[in-house]
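What follows are several structures.
Shared chain: chain A. Partners: chain B in the first complex, chain C in the second.
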Partner chain A sequence: MPSILQYAYMQRALLVGCLLAVIVACLGTVMVHKRLSLIGDALSHSSLSGVALGLLLGFNPIVGAVAICIVSAFAIEAIRKKLGNHSEMAVAIVMSTGIGLAGVLSGFVKSAADFNSFLFGSIVAISGFETRLVVILAVIVLLAFILLYKELFYISFDEQAAAISGVPVGAVNAIFTILTAVTVSIAARTVGALIISSLMVVPVAAAMSIARSYRTTILWAVFVSITSTIGGLVLSFYLGLKPGGTIVLLSVAFFLVFRTIGFFRSGAKSTVSSKEV
Partner chain B sequence: MTKVIEVEDMSFGYTREMILEHVNFTVEKGDFAVVIGDNGVGKSTMVKLLLGVNRPTSGSIRISGKEVQSIKGSGIGYLPQNGGNRAAAFPATCEEIVMSSQYKNIGFARFPKKSHKEKVEEALKLVGMEDKRKALIGELSGGQQQRIMLARVLAADPEVLILDEPTVGVDAESVDRLLHILHHLNIEKQVTILMVTHDIEKVGPYANRVLCLSEGACREELLPQAQIVHAHAHEHAHGTAEHVHCANCDHGPDKQHGHDAEHCAECSHCEQYHEHDHDQTHAHKHDQPRQHRENDGKEAM
Partner chain C sequence: MMSFLKKNDTRNREKGNRSGPFRRGLAGTAALAILAGGLSTLAGCRRGFGKDAQGKVKVVATIYPMYDFVKRIGGDYVAVNMMVPAGTEPHAWEPSSRDMLMLEEADLFVYNGAGMEMWADDLLESVQNKDLIVVEASRNVELLKVGETHDEDHEHDEDDAHEDEAHDENHAHEHHHGEYDPHVWLSPKNAEKELETIAEALIKADPDHADTYRKNLEEAKNACQDLDRAYTEELEKHENQYIVVAHEAYGYLCHEYGLTQIGIEGVSADQEPDAARMREIIDMVEKYGIKCIFFEELVDPKVAKTIAEETGCRTMALSPLDGLTQEDIDAGRDYFSVMKDNLEALKASFE
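The block that comes next holds the complex of A and B.
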C-alpha cells in the first residue's frame, strides 16, 4: 500500500487542510456565538459569483472570490444593523443575492470544470502559490485571533456591554469580517464553497457539547476540525472518496459522538443534583 | 453633594415623535434612585441614553460632570434585564464572563495579569459566587446568573451602577440577595445606583430617591426612605389606599381619599405616599424599613 506522505500533493493537502482547520474553527467559534452560524454559507455562496467573475474576465478567481466575499460580509453587517430584531435575515438576503449572481454569471463561464472545482473544492490539486497563500493567511488570522481574543469574547457574549465598556466594536468587527471573508474565499478553493460553511459550524457544535469553558470550546473545535481534516484526507486517499465531503461527514460523526457523551454527562449530573436535593 | 448623573432638558425620539420630552433630574453620589413608570413610557430608552448608546435629540446628559458621549462608558456599570438569559447559551465559565469586564484595565490587544484575576476573584466574592468560578454560566439558576452578571459589572469598579429591571425573571430569594448586595455596595462603597424597576415593593426599602416617568416627562420625587413600601404595607393592612398619593396625576391625598390607587386611571405605577398627611399610627411604620438604610450593610454578605 503506498504511503500517503510519499506524494507531494498529499503533503500540501495535509498542510493546507490542517492550517485551514485551525483558523476556520477559531473563526467559527466567534461566528456561532454571535448567532451568525450561516454567515459561512452566505459568504461561500457569494464567493462563487466572484469566482465566476474572475473566470469570465480572465483574472485569478481567488481574487474575485476574496473581493466579493469582503463586500458581502460588510453588506451583512450593514443590513444586520438596519434590521434590528430581524437581523438574521441579513444572511439570507446576501446569500440569495450571491447565489443568484453566481447562477447567472456561471452560465457565461466556458470552463464548467473550473467553476465546479470551487463548488466542491480540490484540496489535492492546490498549487504552490495557493499553499503559500494559506500559510500567510493562517499566520495573520491566528495572530489577530490571539491578540483580539478578549475583545472577540466580549463582543460575542454581549456586543452592547462591550461597546459601553469601550471596546472598539466597529473596528474589531471590521477586522473579523475581513478575516472571515478572506478565509472563506480561500478555503472555498481547497475544501469547496459548499463545505466550508459546515466546517465553520459543525466542529464548534461538537465542541460545545463537551467543553467546560469558552477556551476549551475553541480547543475542542480545533481538535475536531484537525482530526476530521486529517482523517478525511487519509480515508479519501485510501478509499477513493471525495476529500471535502469525507472531511465534513467525519466532523458530523464527531458531533454525534460528542453530543452523546454530553447527553450522558449532563444526565449523570442532573441525577446527582436531584439526589443531593 | 456631588452630582453623578445630571439630565438637563433632555428630549429624545427615534422618529420625529418624542418619547422623552424636557426631562430634568439629577442623581447625587451615594443615591439609590429608582425609576418607575408604565410599560412603554421610555424607561429603557432613558437607560440607553444614560449609557450613551443613544444620543439625546436635545438637552444634555452628564455623568460625573462629563458629557456621557465623551466618557464612552467609563465609570458606568450596566446590568440589563434578563442579563443571564443571553449568558445561559454561552459556553463560558463564570470566571471568563466576569473577566470580560476587565477590558478597560487590561487594554486593547493585551492579556490579563495576576491583578486582573484578583479583581475577578474579589467581584465573585462580593456576590457570594466564588465557589462557582469554574462552573458554566448556563448551569446556574436565573438568580445566580444575574449575580454573576452583577459581578461582571462590579469587577470594573463602577462609580455609578445602572440597572434595567434586574429582578425580572428572578426568584424571590435571589431578588432579596441581589438587593442586599446592592444595598451593601450603596452604603459601604458609596456606589451610586439608578435602577429601573416595576418591583417597587421589593426595591423601595433600599432606595432614597424615586423618579417617576410618565408620558415622556420625568418627575423627580425626593422621598424619605422606603415610603413606597410603607404605602403598600399600609394598603395591605387597611385594605384601602386612602393615603396613597399619585404624583403623576396630581391626585392629592384628599382627592385620592376613598378610592383604590390601583384604580387610578391616570397611572397605576406611580403610587406614592405622602408622609405629611400621616398621623402617629402611620408614622411609626416608617421607622421599620428605614433601618435598611441605616444598617451598616454587613448583612448583605
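The block that comes next holds the complex of A and C.
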C-alpha cells in the first residue's frame, strides 16, 4: 500500500488542509455565535466578482477577490445591524449582489481558463505560492485569535454587555471581519469554496452539541475540522473519493455522532447550546 | 441517402415536457450562468448575421472545428457564426436566447454531435425555423466509446453516465455524452469525413455553387491526408507510448496513431481530480518514463502543474481544438495549423 507522505502533493494537501481547518474552525466559532453561519458561502461567492474585476481591470485577481470579500463582509456587518431580527438576510443580500456582479462581469472576461483557474481551488493541486500564503495567513489569524481571545469571548455572547464593560467591540469585530474575508477568499481559491464554507459551520455545530464551555467548543471544533480534513484526504487517497465532498461529509458525520452523544447526556445541556436554542 | 439532412419541421412536437439534460449545479452556478447569458446578450452585437451575410448561405456552427470546416468548404459563399464564443470551454457552455434568434435566421446548423453539444437537442426542439437544415458532422464517423483506447481509467466513465438519463429517444441515431468520445476531429481521417458531410449539406442548401464546394472539399481532404501522413510518419516511432493530457479528448488521435492517453480528468473537462487519481497518474508517469504533462489552454493548468512538479516533468500545451481563443483566430491559426502544432508538441514530448 503506497504511503500518503511519499507524495509531495499529499504532504502539501495535509499541511494546507490542516492549517486551514484550524483557522476556519476558530473563525467559524466566532461567526456562528454572531448568527452568520452562512458567511463562508456568501463571501466565497462574492469573491468571484473580485476575480472577474481583477481580470478585467488588469490587477491580480486574488487581490480583487480579497478586496471584494472584505467589502462584502463589512456590508454584511452593516446590513445585519440594521435588520435586527432578520439579520440572516444580510448574508443573502450580499451573496446575491456578489453572484450577480460576478455573472455580469464574467461576460466580459475573454479567457475562460483565466477565470476558472481563480474560481476553483482543489486541495490535491496546491502550488508552492499558495502554501506559503496559507502558512502566513494561518499565523496571523491564530495570533489575532489568541491575543483577542477574551474580547471575542465577551462579544460572542453579548455585544452590548461587552461594549459596556469596555471591550472595543467595533475594532474587534472589524479585525475578525477582515480576517474572515481574507481567509475565505484565499482558501476558496486554494482548497475550494465547498470545504471552507462547510468547515466554518459544521465542526462548530458538532462541537456545540457536546462542549460545555466556549473554550471547549473551540477545541472540539478544531478537532472535528482537522480530523475530517485528514480523514477525507486519506479516504480520497486510498479509495478515490473526491476530497472536498469527503471532508465535508466526515464533518457532518461528526455532527451526527456528537449530537447523539449530547442527546443521551440529556438534562446536562451545554451552556453554549442552550444559549443558541 | 441524405437522411442526415433533417428538415426541422418535425421538431416542434413535445415542447417543454422534458427535464433538460443540462446538469444544473448549485443554484449559485445557475444564477451565474443565466446572468452571464444575459450579459452576452447585451454585449452581443457580434452575434447574429450582419448585412454582409446577404445572398450567402447563413450557417451557425457550434464549436471551432465546425466553424473552420464550414468556412473551408463554403469560402466566400457562406456567412458562418460560431455559437460557442471563442475562448470558451464548450463542455460547460449553454446557449442563450440570442443564440436561438441566430438559429431562426440561419439556413444551416452544423454541429459535431456524438454528445459534444449536449444542449443541441433542446435547442433544435424549440427552434421555429422550418427551413433550417441540421447537419450532424460526425454522422459518418465511426465513434469510439469512452475509454476504448485506454484501460487504466474506467472508473472515470461512470462520472458521465448520469448525463444520459434525461436524453429523449426521438433521435434514434443520436449519441449521448458519456457513451462516445465526441472529439472525433482530432484524427485527420475523421476530419475528412466531417468535411464531406458538411460539403454535402452545403451543396444541398446552395446547389448553384456546388462546383466550388466540391473543389474546396478536395483541397481540404488533401490537406487532411497530408496531415495524416505527417502524423503517421512522426508517431510511428513512438508507438505504444503514453501521453498525459488534461482531459481525455485524444481518444481518436491515440487510436489512429497507436498512443495511449492518460487523462487527468475524464472525457468532460470539468471534474476535480481525487487524490487517488493523482497518485495513479504520478505512478504511471514514473513507471512509463513520461517526460511531459500536457495541459489545455482553456482548462486551468493547476493540476497538470502539480503533477509535473511532483514528477519533474515539463508541461506543454496540447489543444483539443474544441475552442480557439479570439487571439488565436486573429493570429490566423486554424484547424490545420493547430493540428501541426500539436504534432510538434507530441514529438517534442517524447524527446
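Observations, loosely collected:
Simple rule for what comes next: the second predicted complex is superposed on the first by the 241 of 277 C-alpha atoms of A that agree within 3 Å, B and C clash if a C-alpha of one lies under 4 Å from a C-alpha of the other, contacts with A are read in each partner's own complex, and residues count from 1 in each chain.
Operating definition for what follows: contacts are C-beta pairs under 8 Å (C-beta built on N, C-alpha and C of every residue); 3 or more make two chains touch, one makes a residue touch a chain.
As the structure is a prediction and not an experimental result, all values here were calculated from the model.
Once chain A of one complex is fitted onto chain A of the other, the partner contacts of A:79 are absent, as it touches neither chain B nor chain C.
With both complexes superposed, C is the one of chain B and chain C in contact with more chain A residues. In the superposed pair of complexes, A:178 makes contact with neither chain B nor chain C. Using the contact criterion defined above for the overlaid structures, shared-chain residue A:7 touches chain C, although it does not reach chain B. Within the superposed three-chain model, A:33 lies in touch with chain B and out of touch with chain C [touch as defined at top]. When the shared chain is aligned, no partner comes close enough to touch A:15: not chain B, not chain C. In the overlay built on the shared chain, the residue A:211 is in contact with chain B alone; chain C does not reach it. In the superposition on chain A, contact is made by A:238 with chain C only, not with chain B. When the two complexes are superposed on chain A, none of the residues of chain A touches both chain B and chain C.
For chain A in complex with chain B, the touching residues are 33, 147-148, 150-151, 153-154, 156-158, 160-168, 208, 211-215, 217. Interface residues of chain A, counted against chain C in their complex, comprise 2, 7-10, 13, 45, 48, 95, 99-100, 102-104, 106-108, 110-113, 116-117, 120, 122, 124-128, 192, 233, 236-244.
Within the complex, the chain B residues that touch chain A are 51-53, 72-74, 76, 78, 80, 86-87, 90-93, 96-97, 99-101, 103-104, 106, 108-109, 111-112, 134, 136, 156. Partner chain A is touched in their complex by these residues of chain C: 28, 31-36, 38-40, 42-43, 87-89, 92, 155, 272-279, 282-283, 296-303, 305-307, 309-310, 325-326.
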